[in-house]
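Naming follows writing order (A, B and C), and every chain is counted from residue 1.
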Amino acid sequence: MNIEPSSRRALVTVIRPRNASRYAPLTSWLLTLPLLATFAVGFLYPVSKLVALSFASGSESYLRLWGEPLYLSVLTTTAMTAAAVTVFCLVLGYPVAFAMTRFKGKAAIITAACVFVPLWTSVLIRSYAWIVLLQRNGIINDSLQGAGLTEQPLKLLYTQGAVILGMTHILLPFAILPIYATLRTLPPDFARAAANLGADRARTFMLITLPLSLPGVFAGGILCFVLALGFYITPALIGGPGSMLMATLIGQQTTVLLDWPFAAALSTILLTFTLIIVFLFRRALSLSKGFQSVH
Amino acid sequence: MIGKRLTLRHVQKTYGAVWAVREVDLEIGAGEFVSIVGPSGSGKTTLLTLIAGFETPTAGSIIVGDQDVTVLAPNRRNIGMVFQKYALFPHMTVRKNIEFPLKMRGLTKHGDTSKRIDAMLDLVQLGSLQHRYPHQLSGGQQQRVAVARALVFDPPVILMDEPLGALDKKLREAMQFEIKRLQERIGATVIYVTHDQEEALTMSDRVAVMHKGRLEQVGTPNELYANPDNAFVADFVGSINFIPGTVSSKDQSLIAVKVGDTLVKVRASNGGSIREHEQGSDVRIAARPEHISIAPHGDRTSQSLTGTIETVVFAGASRTALVRLHAPPHLLLRADMPSDLLSPPERGSDVALTFAPDALRVFGPAERTGP
Amino acid sequence: MFIDRNINARAPALVPAAIHRSRGRPAKQVILTLLAGVLIALILFFLVLPTLIIIPMSLSTTSYLQFPPQGITLKWYVAYFVDPDWMAATWFSLRIAVATSVTATVVGTMTSLAVVRGDMPLKGALHALSLGPMIVPHIVLGVALYLVFSPLHLTGTFIGFLIGHTVLGVPFVVITVTAALQRLDPALELAALNCGANRTQTFSHVTLPNIAPGVASGAVFSFLASFDEATVAFFISDVGGKSIGRKMFEDIDFNLTPVIAAASTVIVLSSLFLIGFVQLLSKSGNPKNPAGEHL
């Protein structure tokens, strides 16, 4: 077979690496094929199909959502819940992250274990534990009654508060780790220099440490917010009818009402919203990359 | 002798707008030890990378023996390399590291491979450490493993990229000797990259001075020291003083350069470029410290420069004076003091400096040096 | 206050003015340090409480959920191990998780090689795509997969789960393996080529052994991601094929018994054992694995 010189040259640039520390273009493409195949079948095609289904009868599903105050309130509840969870995670997470940079020896190991053990406990199991803790005759109610703080057991479970508590618990490590990663890179000399100049500890913290750790706080916050938006398991198990979120509404539409086009429209909105936030804050998020996601 | 000739013809390498290597022509004889010296970023590593085949030159060709290897894959080149930070395989023992090139050549099936590795371990004196991992070795030991791995498959050409850069001075000097001994014993052609000109001068048959991607000059250590082609080489190899002046007159045998009020004479045959300097043009006289003689201020002549001794530096057997010239712009010159002087001039005393016309060289003014 | 403790330890001779200013402070400082310690301890307790609570739960004699338990029994563990439903779900999930960890590790490692060493356009987009399933809400992916799998009768099947969970597992592998590849000294691969190894030999003899801890971490994380997964599993399970996540979800929702606590304890302990194994693999001063992984 005779190959024309120009096309032979083109062939050579495809099968030969440009230099020894890279793979040839052809090799590179071959390496990505399994990913493209798997994701085409298990990710891109299904999600496109879902989006297409939401438009199956034009914009009807979207108009219905727009016209019904109940659905609109679910949108705002979802955003508010995610925001509340984010704030709680940051407020509770910052001191832990800060402590992780200061602790040594046993204290450091125990703290790290307390942060990582829940991270690798299934969301289902942790939601189940919260049911055990919060239910009518659960430990928290028992203790409250035992201490004489209440006469009757309080309704703690199946409330908006329970959902926020459970989600905060699950997302807390995702706030701690990026903050810790940023705090750890701050040279201790900064704080020491400020202290030597006579700044007291509160001022040192407010003027030096906190501002310098803001990128980590921001990354952790965005991560918590994005993950909280799509939460399903926790609100489905420990939330009540009054605390309907986007994900639980989608679940209800598919499993109870079987209104697939409407569920698809809700999913499309949730997906779009998530992707916009991720895209806008992709740089901040890359800081927190490396931690698993939960839903 | 296993060494082969290595020829570089018009070799060039660009990275986008950066010219890492430009127009390099170099012919290295079989079994020759050639050093490439140059400041950091001058393109030394890039040139080795091209010879080893990790990158393809933008233009030019590379020939080993009679074979053009310009586009040959690196694993087919049979060129040994000692990397800057050794690049030992961390998951393999010393012995496995050294065995690796033989294994990749399918030689481990033959019976004498084991003996070959033992011999190599003996050669670099690592026999007792052969079952250790690289991270369990000192810097000098790691360096010897890297050399052994590069030599074990008898490559005709060996490349070394600042192999001693990470070692302390004493160990470095010992290893220079070791490497030279091994090379002479094996007879391979070696290209040795270093930024340490002293190392290059002591080890090499020839030295190539690299600057901004170009080879400024290639020659024996003696040639480079005595007859530098340009101011960069003069400055880079050994210690030298540059004294700016103006060509005041010129004849067949001598050039007179006016420095302040003094006329300094330079032998006209020194350097090809000297003829380019017209009468009245700005030049720099280059004088090595050992070619400046110091005399008491009272002994000054019309051809000597005067100055004041600021410091006397002791360097082992010899002493060097730093002399501040009286004439503007009050340069600081290094001049070696004869060791047999009965009453050496002291700090703060005025002295007269004279120059040997045969040892001086003249280069263009500072802006024009370098490419 | 942690900052100040360090400063005092390292620089006992602060400027006199600072000493003067801090007169009368020690008592206040001790109280503040104590308060901070208590605060951190409380947050850490909050983090681990739900994971720890399942252990006494699983050993309690009473069938309703009570704390502290009245007595100790192993009957819930027995119930878990003899119940055919629980066992079927456990084995189904185990098979899926093992297969998922194999496919996700192969696909993710190949993708990482292309992303780090490849020579092709759109590498950034490829990397983002490979991490995408981490960001897309799992409920959206679950609904989308159901839409595609249901007409193909893939719901409740091994292959259906394998596809869905491989998509979810790939990001974990990509994160750990790209990190390991980026840490790998590129000169090692060049040295292998220089020693006469071809591309394949370079990969198998030098690259792979040195990124092995990263690959192993990715394999374990994708295994756990599959085994722990509940949201997607909720949608692609059916009566014929139910993962342990779906089984637990149903039982928590309808039939709250301590068997769930027993099952949870088994799962949590096995997960922590696996994670501990990976940590050991990466952190130990194993000379064969200097490219340690820390997650």
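Brief remarks follow.
Rule of thumb we're sticking to: contacts are C-beta pairs under 8 Å (C-beta built on N, C-alpha and C of every residue); 3 or more make two chains touch, one makes a residue touch a chain.
Quick caveat, the model's predicted, so the values are computed rather than measured.
The most distant chain from chain A is B, comparing centres defined as mean Cα coordinates.
When every chain is represented by the mean of its C-alpha atoms, the one lying closest to the mean of all protein C-alpha atoms is C.
Counting C-beta pairs in contact across B-C and across A-B gives the higher total for B-C. Chain centres here are Cα averages; for chain A and chain C they lie 14 Å apart.
Chain centres here are Cα averages; for chain A and chain B they lie 57 Å apart.
Those residues of chain C in touch with two or more other chains are numbered 190, 193. Residue positions of chain B touching 2 or more other chains: 53-54, 74.
For chain A, residues touching at least two other chains, in rising order: 18, 20-21. Across the interface of their complex, chain B is touched by residues 185, 187-188, 190-198, 201-202, 205-206, 209-210, 287-291 of chain C.
Those residues of chain B that touch chain C in the shared complex are 52-54, 73-76, 78-81, 83-85, 87-91, 100-101, 104-105, 133, 135-136, 149, 153.
Of all residues in chain A, only 18-21 touch chain B in the complex they form.
Put simply, chain C touches chain A in their complex at residues 1-7, 10-11, 14-15, 17-18, 21, 36, 39-40, 43-44, 46-51, 53-54, 57, 64-67, 103, 106-108, 110-111, 113-114, 117-120, 126, 129-148, 163-164, 166-167, 170-172, 175, 179, 186, 189-190, 193, 199, 221, 224-225, 228, 230-231, 234-235, 245, 248-249, 252-253, 256, 260-261, 264, 267-268, 271-272, 275, 295. The residues of chain A lying in touch with chain C in their complex are 17-18, 20-25, 27-29, 31-32, 34-35, 38-39, 41-43, 45-47, 49-50, 53, 92, 95-96, 98-99, 102, 110-111, 113-118, 120-133, 135, 137-139, 142, 169, 172-173, 188, 191-192, 195-196, 198, 200-201, 204-205, 209, 226, 229-230, 232-233, 236-237, 247, 250-251, 254, 260, 263-264, 267, 270-271, 274-275, 278, 289-290, 292-293, 295.
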